[in-house]
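Step one of this worksheet: look at the structure below.
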Amino acid sequence: MASAPSIPVIAVIGKQNNPIYIHNSRLPLPSTSLTTSLDLHLLLHSTLDVFDARLPQKTADQDFGLLFAIDERLAAYGWMTNTGIKFVVIVDQGFSGSSGLSSRGGGLGGAIRDADLKPVFKSIHTEYIKLISNPFFDHESTEMVKSNKFSKAIAKIAEAGIPGVY
Amino acid sequence: MNRDTSPFRPASTGASPTPKHASLTASTNLRYSLTRKSIYDRHLNRTKTSELSKSAFAFLFGEMVQHAQKKVYGVQDLEKKLNQHGYAVGQRFLELLLWREGRTAKRETRILGILQFISHSLYRAIFQKPADTLEKVRENEDEYMISDNDPLVNSYISVPKEMSQLNCAAFIAGIIEAVLDGHCFPAKVTAHTAPSDMWPGRTVFLIKFEPEVLEREGLRHGST
Amino acid sequence: MVVFSFFIFDRHCECIYLRQWLDATTPSPAQPLSRPVTASSAATNTTSAVEKPPAGNKLSMAEQAKLVFGVIFSLRNMVKKLCGPDDSFLCYRTGQYKLHYYETITSLRFVMLTDIRTENLKSSLHQIYVNLYVEYVVKNPLSPVEHPGGEGVNNEMFELGIDSFVRTIP
Amino acid sequence: MSSTSRARLGEEVWKTRTDKINAELVTLTYGSVVAQLCKDLDGDYAEVNKQLDKMGYNIGLRLIEDFLAKSNMQQKCANFRDTADVISKVGFKMFLNITPTIANWSSDSKQFSLMFDENPLADFVELPDDGKAQAELWYSNMLCGVIRGALEMVQMQVDAHFVNDVLRGHDTTEMRISLVRYIDDEMPADDE
């Protein structure tokens, strides 16, 4: 039975390609290619290559859209601020198995357009700005962010899913 | 997927890729008021146009200078401290500014572009006026100058003779440095007093880019 | 109008700034002293520039300041005793000069000695406080908060400001 | 001068006699000062509070002159209640464009609280989650020093400290100010 697309993972990756924050609500997802957290890390890792490869052609927009499809259910979308901070959102199309796929008939990425993710990225960006505006936020730190408020805000964004897409 | 070195830095405990279901982030023990709004509940643009008195800043900045002065050896050290403060402010200001520019924000990839961004957009956002000039140092390929006829932070400063080298606009130099760094144009920025007849307090910010910036500029855009 | 000298005393009763253009006790010469005497030079160098006029028992600037303070302090206290704490004296005159006085709530005392034809200068002294002292001395982060020995008051901007201000007093 | 006319004065000084500046510059600069102190003092928050108070005190000694010059007040306040009113409606208005509420007067009229609905200094702040900052650090402590320094210059010795702060998870931000004594005029050194 098909469910609405959801957002199981939101990752914030710093300028030096260091992970700043990873929200991961439901992984590992059985019957997808993400079964361990290590898979997730490797996956996020490979999104960086896509950012790097596309960067020279990008000058104006921060929206990198669909980075790549992971499997039938999952796809990674990206956004990079002008200061080199990367946001990666992994979308779960919610089709369970092949029956779901065929019932929608659209195949991967058919249901979700890049533009649908824009408001999600905008909200993440806003929360990120609030986070780093804090005078106690240490830009040089290589540790992951520990801010309860930020965690909650990001979790809320993930929970809300993609506005207008059901 | 075949990178030699992990782009992820040696992970801290929170980031180690252990197969766990839960979120990787440690939860916190901070208390929050249930009835009051915290910074995460407010709109970021709330303070965009809000203003405070210039004197409030002058006093705060002044005390910052005084305080920094107690723990330093000489003018250079003091300027470095001010630069650091400016850097912290600049990092945050830049993110706020770019976020607000939203769609219109352009990713600056050229030296000239980023310098124009600083002398116009950034300067206007912080000081409500553009910088006065932007020019290239003729003798040195890697140096540029932005000048400000009357830097805000210096409006009340009268430098005593024994410290004539001091320019407290090192604070602004720090802001500029942070913005350049934020755009991946690492550089050293220093403030120098360069009075003109009209403007006794005129200050020049000398921007010296790191070699890799010029190298990249050459690769991307042909030598300049 | 002719301005002879100008003093600022702080809440610790210390003279933190003094400046002399003309000597009140000598009949006005045509020209002011070529280089006005300021607090720092007066303190370190009391004998040369200040006591240039050779006449009899001249007082050094520092001694003058002490005398002036003694007078305004007594006058001010007398006025407050007679008429209540909200009253204050504005000026007094002798045959030779007129002394103008302005005191802030923070016990800064501004004193100017002029010739006897000059109108009341209370508002001018207030202007000096607002536009020069506060802007150039108080807000200058490189000058100390308090000014023992006048340190930090006689900075360039304040000095220039006083000069041009005195020239514009009618 | 009545309370409402003071509010008008504060409003007028803010609107017509105050040079203004981007508020975020002030907020971020203050943040940088506090964060640097925390780093320099290695998380000794009691000492950070003390330093902030001291810096504020130095500011207060100067700021009062600017305050008097701009507000053009030539008379001292008649009593401590007047003083409280002026601090809130003219002082805070003039420098930070806020008007903290005066509350909780003690019966002898020597102690009151300032309640801050807004605090521009703390706009972007979340205290470090190190298990003690929320118990020990008073982020805006500089304000206490400012009030102490400024009032000393007009011959009032006061004690000022925060008792609540929303950054600590309290429902209000509250500063308690108590009058210790009025200071007499200093006399010239008797050296004759």
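Note that the chains are named A, B, C and D in the order they appear, and that numbering of residues resets to 1 at the start of each chain.
As a convention for this text, a contact is a pair of C-beta atoms (placed from the backbone, for glycine too) under 8 Å apart; a residue touches a chain by one contact, two chains touch by 3 or more.
Nothing here was measured: the structure is a model prediction, and the numbers come from that model.
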{"item": "Of B-C and B-D, whichever chain pair has more C-beta contact pairs", "value": "B-D"}
{"item": "Distance between chain centroids, defined by C-alpha means - chain A, chain D (Å)", "value": "45"}
{"item": "Length of the line joining the C-alpha centres of chain A and chain B, rounded to whole Å", "value": "29"}
{"item": "In chain D, residues with contacts to at least two other chains", "value": "28, 30-32, 35, 58, 62, 66, 70, 124-127, 129"}
{"item": "Residue numbers of chain C (touch at least two other chains)", "value": "139"}
{"item": "Overlap residues in chain B, where contacts from two or more other chains coincide", "value": "28, 30, 32, 38-40, 55, 59, 61-64, 66, 88, 92, 96"}
{"item": "Touch-based graph of the chains, sorted into line, ring, star, complete or other", "value": "other"}
{"item": "Footprint of chain D on chain C - complex, ascending", "value": "11-13, 69-70, 73, 85-86, 104-108, 129-130, 133-134, 138-139, 145-146"}
{"item": "Chain B contact footprint on chain A (complex, rising order)", "value": "15-19, 21-28, 36-38, 40-42, 45-46, 48-49, 56, 58-62, 81-84, 125-130, 132-135, 139, 142-153, 155"}
{"item": "List of chain A residues in touch with chain D within their complex", "value": "130, 133-136, 146-149"}
{"item": "Residues of chain D that touch chain A when the two form their complex", "value": "28, 30-32, 34-35, 38, 124-129"}
{"item": "For the chain C and chain B complex, residues of the former touching the latter", "value": "135-136, 139-143, 155-158"}
